[in-house]
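Both complexes shown next keep chain A, but they swap its partner, so chain B is in the first and chain C is in the second.
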Partner chain A sequence: MSFLRSRFVQAALILVLSAVILRFGIRPPAPWSVFTLYMAVVFLAVLIFVSSDSDSWRGFIRPIRSTLVDPDQRVLRSALVVVIPLLLGYYAYTQAAAKPQAPAELRAVHPAPPDTIQFRGKQINISGAENPLRKDQASRQKHVAAGAALYIRNCVYCHGDNLDGQGHFARGFNPPPANFQDPGTIAMLQEAYLFWRIAKGGPGLPRESTPWNSVMPSWEDRLTEEQIWQVIMYLYDATGQQPRRWETAH
Partner chain B sequence: MRAGVCASGPSAAERACPCSTTSPAPFVAAARSHLRCHARSTSAGTGLAGAGRAPRRHSRRASTGAALGAAVALLASIVVDVAPALAQAGDAAAGQAVYQRKCMGCHGEKGDGKGPAAELLDPKPRDFTSGIYKIRTTSTRMPSDQDLFRVLTEGMPGTSMPPWAVLPERDRWNLIAYIKSFASEKFKEAPKKLELPKEVGASAESIKRGREMFEAIECNKCHGADGRADGPSRPELKDEWGQPIKPANLTKRWTFRGGPSRAAIATRLAAGVLGTPMPAFLDSVEKPDDIWHLANYIASLGPAAPAYGTLLTATAVGEAIPDDPQAELWKKMVGQNIPLMGQVIADPRNFNPSIDLVTVRAAYNDREIAFHLTWDDPTESKPDGKQTFADAIALQFPPTLEPGGERPYVLMGDAAEAVYQLRWDSGKGVSEVTANGPTRVRALAGSEATGKAAYANGQYQVVIKRGLGAQDASRPTFRPAVFTPIAFQAWDGGAGETGTRLSLTSWYYLRLEEPQSKARFVIPPVVALLALGAMLVIVWAANRRGLSVS
Partner chain C sequence: MACDSRNKLVYVLLVFFALALLGSALPVDAQDAAREPAYRAFPVLGSRLAVWAVAQLHLNFAAFILGCPIFAVIIEIIGWRTRDQRYDWLAHEFVKLTFAAFSTTAMLGALLLFLFVGYYPRFWAYLTSIFFPTYWVYALLFFGETFIVYLWYYGWEWLSGSRKWIHVSLGVLANLVGTAILVVANSWVTFMISPGGIDESGRLVSLWKAINNYTWMPINVHRLIANIVFGGTIAAAYAAFRFLSAETQEERARYDWMGYVGNFVAVSAFIVLPFAGYWLGREIYAFNQTMGITMMGGFMSWLWIVQAILIGILFLGSNYYLWLGMERIPGSERYRKFVPPMLLILTIGFMIWATPRTMVITFDEARAMGGTHHPVLGFFGVMSAKNTVVNLMILTTFLSYILYRRANRISTKPWVRTGMGVQWAAFAVAAVIVVFFGVYGYFVDSLTRIGFSVWQVLAVLTCIVIVMAIDIPMFRGARSTGTIRWGTIATRSQYVLILLAVTFTWLMGLMGFARSGIRQHWHVYGVLRDTSVDAVTPALGYAANVITIVTIVFFALVTFIFWLGGLGERGGPKGHAPAPVIAGGSDSSEGATSQARPQGATAPSEASPRIDCAGKAGARKS
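Take a look at the complex of A and B:
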């Protein structure tokens, strides 16, 4: 294992190991930009490490210098002079021949809700409204159970048994169905906001949320006001999330 | 291999392992003790302990070793997480609580498969009281606990049973204890492991032999000559409960209930699929090896997973584009797979669509554009307007491209904004239509679209062609290098699909590729030459300095 004592081999080993750990050891995989940033930090650290004293620096430089200068390294030198430009040329080819990607679709995921909506000809306040079923603590379980039955008969094909947006049709639609287990969805929304989204569906979205793409139906055509509030009760109950409250005016 | 306290049984350490409890412990702490627990359970765990101690010693070599050990332990903990679990005795009472939260909606409170969702689903949820299970690796009628655990963890592809790997392992074992209690009499007999014949690798001869056996034991009667579920017995097939049941489409292995691997296929062939018309074939084949030849043949019919496309490309061609779907041009092109889903927006809804995939090829020249569409449909429907409806497919485009990226509503537009569709209907051929929603579809006058269809062994291939330029404002113009929104809709008339009972996609993009630029042949040699020059200069400079120093 004497080659392990060479500063150059140590430096190379640290770089390779760091690359392997950063690339494969992190779940979920880190984005490419983060990977390159971390590798740059590791590279700087390795440079500081090998140049910590002049012996170390000379040990690090020796194999590089020898490859460039020594007469008995001529074969390796010639090989490197040929192989490195070829590799760079191949990389340039993969970049030049890259296929075009579909343009990115920007949309507001949680647009601002309207103050009021028309629900089957009746005006319903959204801004500041609370779930009316929550007042009646005695019937809470009844409403949650009714919501569960409604959910599994209407919502499960997209939003999934586990409420994680992984239903039967999840992979076929863009935007994908909402994942209610995610702390970025119902946990940061008021119940009345959910009422608006469920009642009006994709077609009721404002323009910045690309209403033409969403396949979320307008449930006011199929569910009553009470049924929608029951489904909302179930969503929070089953995921263990708490609805966001409306901010009170100061 | 899986060693250690976490999986081997309900020891004290195991009960303390946070990966098998439901308590909402703070994530970081849980993850840390999870890692500790798994590290303890592997031989590489000592590497991690070493990493904890080493920095206190001031030897550089020791710290390198510690880093190595930590890396190995980290990788080992990842490997351990995906290793198969050993059977555990579950607690049925604890399982009941999970069952009521997660399973009852489909399988019913009494385990009889009559939950509130059951009537929508196809295939129907399992009736646990029957004690009949499709997927088993046993030669006896009952599955082993591992079989049940695997189905619970990985789900059943092609059905409504999702993978429940999100539940803690302990909960899953408890669930299995509870599920077994619905038919405890039948589970009294100890299951015996099915012994498969020795594995035969997939070779050209093995696949050929498999194909012969496929016909000899009449797999084609149900599964069809090319395995596309279009066999003559298809309409008569019933399951144990008298419900109609569809044979598997053998070209879509990713929908196989017990998984797509050759071993899984061989096991299904040998043991059969209980409760369905699929019998056990271990004793009906000529030689036991034939099970593997058949499995190799079936695995050769299609990929284990579909590679779904994201961006559709129309290839530029210099020649005339043939209408014939079997023409060489189409065979040379690589198809792009697009998944289709059920339409559940407008009534009547289609929760269990028949067509789930269309493979698209597209080409254009200076005058016209053509789309080649391939999809599986087990019945070629001749419409009579009452009971049998037409098989059909539609390509949908916005008639004009809005600068802000706005487009019509994906389900055939709405009252304000119309869509344009290129359609093909069996018995009618190609047409151009405009639609303002699914109930307001009108044929466009003076259609110049043409096309041809071919149906064979459960598969349609259709070519639809049209001029690049638009005749009027209801029709789109196709231009190279522009991203044009495109969506697909399909109907299987034989499965009763018509009107809004259809399968559909979201909006995708179609791009007519520009004639290939020459840049990709110029830039790489320039880069390589520059790099060569730089390398030579470095070597030259180093040698000059090296000489002058010495």
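Take a look at the complex of A and C:
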């Protein structure tokens, strides 16, 4: 298979294979933005691969050079002169054509919380606050059970009975409800952060969490302070995650 | 160099002028302060843009002139101890670059001060009310630094021979003073991020606490290291430029070597930078959770994607340079086969390192993923994964260097097999520890996880120490498979050096923006609000444009300054001792024998240029 020994062919094969694997090997598919990022890295690596020593580089250049200048490559050359601009044109078209879809967005899923909030007219510190119910180990079970009841009654439609964000309504919303099983949600947040999110919901989010308004309701008027801390305890208990603790620095 | 003394004069005047202005900026009494506007508008550009650009340029130059002498003095010491003229020449070359950039740095610093005093009077008055005593320290240190560097540079001939130790001490002193300058300036900038030592109304309670605020030490460390890297990359880019424009083989060899050393310095310092960065990040979180989240997860998420890509390029680029460099070393063919696997690790590492925490997604994609977090790729977005791959990339880079080091040497020690076995085992164990803690990190709470990164770092550092401790004796007196053919490296490697310098400069600008941006609408976080028209934090796209322009201006200035510095070289036999001949087989010391060096002779140290390629000595330029 001398064909495979050509650096140019190897490079092309690596690119194609990586594209196939990254596009179809990851389930659910990687977002397009991430896919292109990965392919850019692979492309860079392939360039380095073919040029990291002179023999290899010459081997890589040879077919390109010959296509560009050799008289007997005239047909291929002419074909490329037509095909490449067409491909680029097609790409430009796909980028410019209007789509019935909202453009990709970078939404700040975890924006910075305020230092304090007003909860039913009372000032509550978010920065540095602990879950007050955790002090009383004896009634832990009681609080978790109360939290579970609250969750089933209020949250399950959106956040799902497995706490994985796949509730009945979930498919209708953008942004979708948070998946509490994911290591990137409650596992990396302090309980006080959750308190803020539950109390103030989507309306309490800053601008960087737009352009789409989150449907997460603001529970301030429906749940009491204690109930919110209870449902938080339930979230951690049911998912087996640990809340982030506050760091004491220095 | 007649223009030097004129420069000096301009510069001294500027500093005095600056000091006078400083004094006038003090709020003399309340009424005066009240009459003073809080802001003035800089024409056309706006005050923020003016201050931003000048501050960044000043920072770039300062980083260069503080970073460069650190390794210049180390190289000088090597030359002094080994009596190898080439190192002395190289050290002098580095100091020459520093020296050339000195007055520009000072000028930009003074300009920055004028801008602050003139356009941000209220802010400046406040900062002065806290830090006034340190201004004097700063000014004194700057004078000290200037005189020491002048002496160091001009006294090179005078303080040679038996007086060399005085000269080396001057170099060390220049570095101590330089670092002190950095540390003082850092206290101001870190106070703006994480103020300390003040009461509720913002009045000073303890100057020391204001200086030693939360982020002061981490930024001192992070910047000091970053400055060394920066100095190294700029010096290497300079060498690359000289390489590319060289007319003789001899010159090419010399600058090839210089570029190699510059890059070596940069990479060595670069591999500890991530650790310092994480420490800084942690302190910012610890100071203020909101600020930490703004920085990492909030509106700056995009910025970190860009940062990750730049850092990935730095890793790939510096390894690529080493691999290309192997080609000029006879005997390196043995190690070619390691390149593809190392490249694979780096590539996968880069991909994971650059996987965003918060992805840019369309609605349909979010739906398919069942949430805003990807169920598979989401695992790559968090700390555990990043720390793991960055440590693996560091190990790989170190391996590249180790292979480069031994490329033309065959150890003659009887214990080679054991030695190499232990080395490979050290690599393997370190990699296993890094991966183990990386995976285990997903099963513990976040504070424990942060603690794990310490073990990962220790594993990598221990591996580096063990491997080097074996490598150095193992290859002492090794058999050579041929000497390094300096100057024969592929030209594209030189463009890589330039690319690395540009990337690093851009990265510095970006991180400067991050540092300022996390304060959002505050001059001094939580204490002094920004009430100017520019109080909004600019979008990343705008910032990127500004950073790009600043980077271009910086390189234009640097090119101009180095060109000026080069003018003196052409003037005839002025300045320092003639440059040693590195290529062409004739040389001031051992070079002459290099052509005839038999196989099996003692191998040269990897960094010293001995070239046995054909060709006669080029004419000496100076």
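Note that in this section the second predicted complex is superposed on the first by the 147 of 250 C-alpha atoms of A that agree within 3 Å, B and C clash if a C-alpha of one lies under 4 Å from a C-alpha of the other, contacts with A are read in each partner's own complex, and residues count from 1 in each chain.
Quick note on the criterion: a residue touches a chain if its C-beta (ideal position, glycine included) is under 8 Å from a C-beta of that chain, and two chains touch if they have at least 3 such contacts.
It should be emphasised that the depicted structure is a prediction, and the values quoted were computed from it without experimental measurement.
K.L.:
Could you tell me if A:V41 is touching chain B, chain C, both of them or neither one (first, second, both, neither)?
P.N.:
second
K.L.:
Should A:R27 be classified as contacting the first partner (chain B), the second (chain C), both, or neither?
P.N.:
In the superposition, A:R27 contacts both chain B and chain C.
K.L.:
In the overlay, answer first, second, both or neither for which of chain B and chain C A:N174 touches.
P.N.:
In the superposition, A:N174 contacts both chain B and chain C.
K.L.:
A:R153 contacts which: chain B (first), chain C (second), both, neither?
P.N.:
first
K.L.:
With the two complexes superposed on chain A, say which partner A:L68 touches: chain B (first), chain C (second), both, or neither.
P.N.:
First partner only.
K.L.:
Could you look at A:G121 and tell me whether it touches chain B, chain C, both or neither (first, second, both, neither)?
P.N.:
In the superposition, A:G121 contacts neither chain B nor chain C.
K.L.:
Contact-wise, after the overlay, does A:A96 reach chain B, chain C, both or neither (first, second, both, neither)?
P.N.:
In the superposed model, A:A96 contacts chain B only, not chain C.
K.L.:
In the superposed arrangement, which partner chain does A:D164 touch: chain B (first), chain C (second), both, or neither?
P.N.:
A:D164 contacts both chain B and chain C.
K.L.:
Please identify the positions on chain A that touch both chain B and chain C, taking each partner from its own complex.
P.N.:
The answer is residues 27, 101-103, 105, 164, 166, 171, 174, 212 of chain A.
K.L.:
Hey, which residues of chain C end up touching chain A in the complex?
P.N.:
That would be residues 214, 282-283, 285-291, 293-294, 297-299, 301-302, 305, 309, 312-313, 316, 320, 323-324, 326-327, 336, 339-340, 343, 346-347, 350-351, 354-379, 381-382, 442, 444-447, 450, 490, 492 of chain C.
K.L.:
Which of the residues in chain A come into contact with chain B in the complex?
P.N.:
Its residues touching chain B are 10, 13-14, 17, 20-21, 24-25, 27, 65, 68-69, 77, 80-82, 84-86, 88-93, 96-97, 99-103, 105, 148-149, 151-153, 156-158, 160-162, 164, 166, 168-169, 171-174, 201-203, 207, 210-215, 217, 238, 240.
K.L.:
Could you pull out which chain A residues touch chain C in their complex?
P.N.:
Residues in contact with chain C: 26-34, 37-38, 41-42, 44-45, 48-49, 51-54, 57, 101-115, 127-128, 164-166, 170-171, 174-179, 182-185, 187-188, 190, 208, 212, 241-250.
K.L.:
Give every residue of chain B touching chain A within the complex, in rising order.
P.N.:
24, 64, 67-68, 71, 74-75, 78, 101-102, 105-106, 115-117, 120, 160, 162, 164, 166, 308, 310-311, 313, 339-342, 344-346, 351, 405-411, 414, 417, 483, 504-509, 511, 519-520, 523-525, 527-532, 535-536, 538-539, 542-543, 546
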